[in-house]
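Going by the order they are written in, the chains are A, B, C and D; count residues from 1 in each one.
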């Protein structure tokens, strides 16, 4: 057991922390929001330069061979920065799908372009009727010569509006809810038969509704096994959970720091609000939640490469619940202790609050994973 | 809507409150515990003299025609006194069984002797294997000439050790868990075929294991309808829930008062513990729980005579959950705020704590009733 | 003692329910059912309908146009109105300004302002809070200097709800900066929002709505006749206003409406392959909320019923219970409604997409709006004295610690 | 960074587990599995078995008979021992007295007391708390006056765990009543409990157990050679003792054991006509507890692993997290175990009925004992500094408010 960072990990952490401090102050972020895509193209290039966009890929694909710990360090810093760029969508979700599911040829073709930032991927799995049910896929792919034709619609696809290529799940056999028969495809997001409507989510990140109307793809667009896409989808979601868990820890850390600072300086009834014991204990409770959440984010990072699928899923579900609850507690109380000002767009606190809220609902919410754990109790 | 008491109700409340103050101080109670039965025979006579033992019965049966509000007032006072006598067992549970289920002849024979204290009833329904499942009755009654023969065992029968007569549920038909086929019988507790082992429960009240080995009873021992005892059992339990809900309010009131007083006087680190804002807010939370619990105990009292069985059961289940949760919160925090001294037998606080704990589990616990309510959600 | 409505009370409830059912405009009801807050014109339209029926100025005496209801009747009306769901009455006009004018105003002020307030001909806002003051009202700094038959007001107010809609503002100002205590030297003015020198600057809330404002006063001239009560005695007026009977503070009708709506929507979405409404944990959550709402409902009955029995002017400390538990429930029930929508609750798409295309709206509006309500009502435990301050009040009033 | 055990750590865990499995007497294990606290003789027997293996003095340096374990190894050992379940080592002997003597004791004291403490030949108790002091230790009043080569001790201690079992007591006394600060003028004495003038009076806890005592000192003569460290510097010793590394403070093994036991028992009882273990709400409750235990387990790894990396003497503020969250879990998991028993958990019948008749015991002992544990462990959030005080500590240490 060892919680120390290697020298490389420390350097990585320092450089991303520094980047966030220098380039992602809350006021700078406001300007990025006004850019056409709703995020900063300049920062995106900088991530690429720093090697962050290729972090989890092997060197042969233009990557840096980083693991889950490296992703965790970067995501915590990104959480503190409250970044808007499609890092999770492209590198973590899309990247994991290609990295774990792709053929040698697919990896060689795609991963280097993800790593240099020229290709942005998005993970188009969720559908309107599915809510959090991962097997509820109604989009279909029917064989057509050597290729396939996809029909259906995908919903709330994170950063689906700016993506160059979509990783789309579709049913090649079976009925709705059948765990078998789902296949992943790589789809050119710019194809004319792909219609996208982009919009903002509550955390100000972008998402899209994607409709697929007779989208024709070649046979080599299939990612992984035909009809057995579910395990790969689960790996992608687990990677997403681990990454956003670390991001949530970054958000909680920022919220805790801001609230502590506010309690030290804000005066009311002639004294700082932090001189109230009730406020002090609330901050202590927030700190405890933050640290328990951090432990769970570490668990998720450690487990994301665990070969035993059941063990991996179980631990990541536990981490999802723990981080979700911690994020909710810390962010709700950060707003409460800030009072009225915490309820306004002007302060960063409400923005972190909303990011925690969205993260709790990505890939399934706390109740969803607690129910899974309850079923698994032995 | 009216929350005022009638003049008679106010007088009743005052007299029972006074009795508790004068005769049920914590030190006096210690002496009652040492009496042979574990409670005070003198107080029992006094309850009879005051008319409390006949409170819910009609005047023609030696009673005072009181209703649920009167029982609530008395039980709250009894909760403050933390009384040991078999009032709930005999008057509320046994009394309700006879009052609602008995024939004219049975009522005339039994209720006056309950009212004058000479007969003590107990409600022998629960069985070891049943936990909180009300239809899980394995005790059997088989027809034998004009009478019946009962075999089986009843568990944790409150005040079953001192009872003169037992209201026993037994299966006259059907299998375990069948809601039909349960019949109630009046059984002489002193019969040689009835074996009882008395013991103390955690709240220092007495209970007994009762075995029935070929207990012969006459045909007129049947209470209510043959094979349709369940609705009557439910009425009895509802009456018990309403009464002990009010008792719990009395316990919470006493705990709250004691804790407030302790916080005002107890000094630590050179100041009263009540000068800590965290203690103040905890007390405010306790007060809020107490008042919400009181509201729920009122609901139970109002609903216990509601003719619509489903409406009655639903509301009483809500009250059970609300009072159970309030009692747990208030009593756990009363111990916590008292610190070490609250953990000892010497102080009353631990005794109230344990009574709240037992009350939460009488007739089914919070989880049990919450599950019922969850099933009923529309 | 009887927790049930008397036949009269039940008949009154039925009458209110029927009136709302028959008179609430369908478009307003539908917008509110989807979780939208009422627009200004919705509130105006509905309050005028109620006023025509004599049901707008619910907390005013009959001689000033009130309906002469008991506190229980007011409670019933407010809950039916929330459950409908219909826009709530302007609390600034009805609960705050009206009683203040009736108690402290001149005959001239009453005649001039009360009927227009009841009919929402004037939309009022409240100029109390100032930057940095938070719940500590008495630290206010906005100054009013006497200049002939005018006050000249300079300063800044914040958290001014609906100031951008308002025709008039009732304002606390400091008329004597040298008073011995902070509570002295304050006056209560009525200010026409069209007076030169007033600037309203929006504050956007975390749900994206524009509800709050900063209001700047730059040499704003207010006629002395628009002062309520004596000069420098405005704190008495403010205390009266804030300590006013708080029927409806629990906003239980709103919580009930949110749970009812969540249950309805939970039939249309799935969890674990079956309708969410059949999910055991979800049902358990609903059951617990219904228990908590029932307890608060009865506590509210107790408090409100006491209003009718005795009026010694002291606020019932139980009303702090109503505030704390009521807002906790509001927050839990709006969170529930949002959770039902799942991932569909997260986009801000309703308006945005409608603007983008002619296609039908892709998002279920109820889900989008549920999140809006959830976010907006995080403030419920902050405004009107934070829940922490409510507990301080309880500590002082009841615990005497 | 790696949360998994290294191969060495895993091998160590297996070794510990195997040793406990093979050497823990079956009768002790069975009693503890049923939820009974260990009897004095159980604790003695087991600690001597461990001591023979070299595993009793776990927090002492090797030169004084410790096993030379890392903090991680100690944590593993403590958890395996709790999960077994086996009696815990005497914390008075091992965690408190031992390190104190090693740090502050004379060679003579070390030689005389350490080996006997490790082997539990002497049962030690702690004479710190006094009536009215609670968590405010420094307010102690028990006085020791020098009389030749003895101190004469007069005063009273309270909450003295297992004083009725104890051969020796380490005692804080006031040797200089005129010291400028309350923390000065205190000395640390070792007292033979057989010395004339000592009276032990039981305090019965709300679970009915006799664990705590009052101890009265009436002209008790203690040889000066039994003072540890300098006269009037006893507070330094006490601070060292209290600030000692708190591996195992979370008592996670105990919580795990309670959940495991609750799950096992939940197969044998019913709720709603089927085994309780199949009840959705019950499973949800278990799942939540398992999440909370997992989070605390990793937090504990982080804290304990830091012990091995750096020892700057400052207590890690995260150890307050371990205390607060650990005791919350202990209380939740014992409540869970009690709830499984349902009505059967409420009687105190095991012993009482056994005494009354020759028939087999009617009550499931596990249910009766589960309630005993629940009641006893209400104190977990009180002793060792209440959880409220832990948060004060966190406030000062981390928040600097």
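Here is the rule we use: contacts are C-beta pairs under 8 Å (C-beta built on N, C-alpha and C of every residue); 3 or more make two chains touch, one makes a residue touch a chain.
All values derive from a computational prediction rather than experimental measurement.
Of the two chain pairs examined here, B-C and A-B, it is B-C that is joined by more C-beta pairs in contact. Each chain's centre was taken as the mean of its CA atoms, and the one lying most distant from chain A is B. Averaged C-alpha coordinates put the centre of chain A at 43 Å from the centre of chain D.
As a whole-number value, the distance joining the C-alpha centres of chain C and chain D reads 53 Å. Between the Cα centres of chain A and chain B there is a gap of 54 Å. Residue positions 276-279, 281, 370-371, 374 of chain B each touch two or more of the other chains. Chain contacts: chain C has residues 280-281, 284, 388, 391 touching two or more partner chains. Residues of chain C touching chain B in their complex: 1-6, 9, 72, 263, 277, 280, 283-284, 286-288, 290-292, 294-296, 298-299, 301-302, 305-306, 309, 318, 321, 324-325, 388, 391-392, 394-395, 398-399, 401. On the chain A side of its complex with chain C, the touching residues are 126, 128-133, 135-136, 155-156, 177, 197, 199-203, 207, 209, 267-269, 276, 278-279, 332, 335-336, 339-340, 342-346, 350-351, 353-354, 357-358, 361-362, 365, 367-368, 370-371, 374. On the chain A side of its complex with chain B, the touching residues are 276-278, 281. Chain D contributes residues 129, 132-136, 158-159, 203-206, 208, 212, 269-273, 276, 279, 281-282, 285, 339, 342-349, 352-353, 356-357, 362, 371, 375, 378-379, 381-383, 386-388, 391 to its touches with chain B in the complex.
On the side of chain B, the complex with chain C involves touching residues 1-5, 9, 69, 260, 263-264, 274-275, 277, 279-281, 283-285, 287-288, 291-293, 295-296, 298-299, 302, 315, 318, 321-322, 370-371, 373-378.
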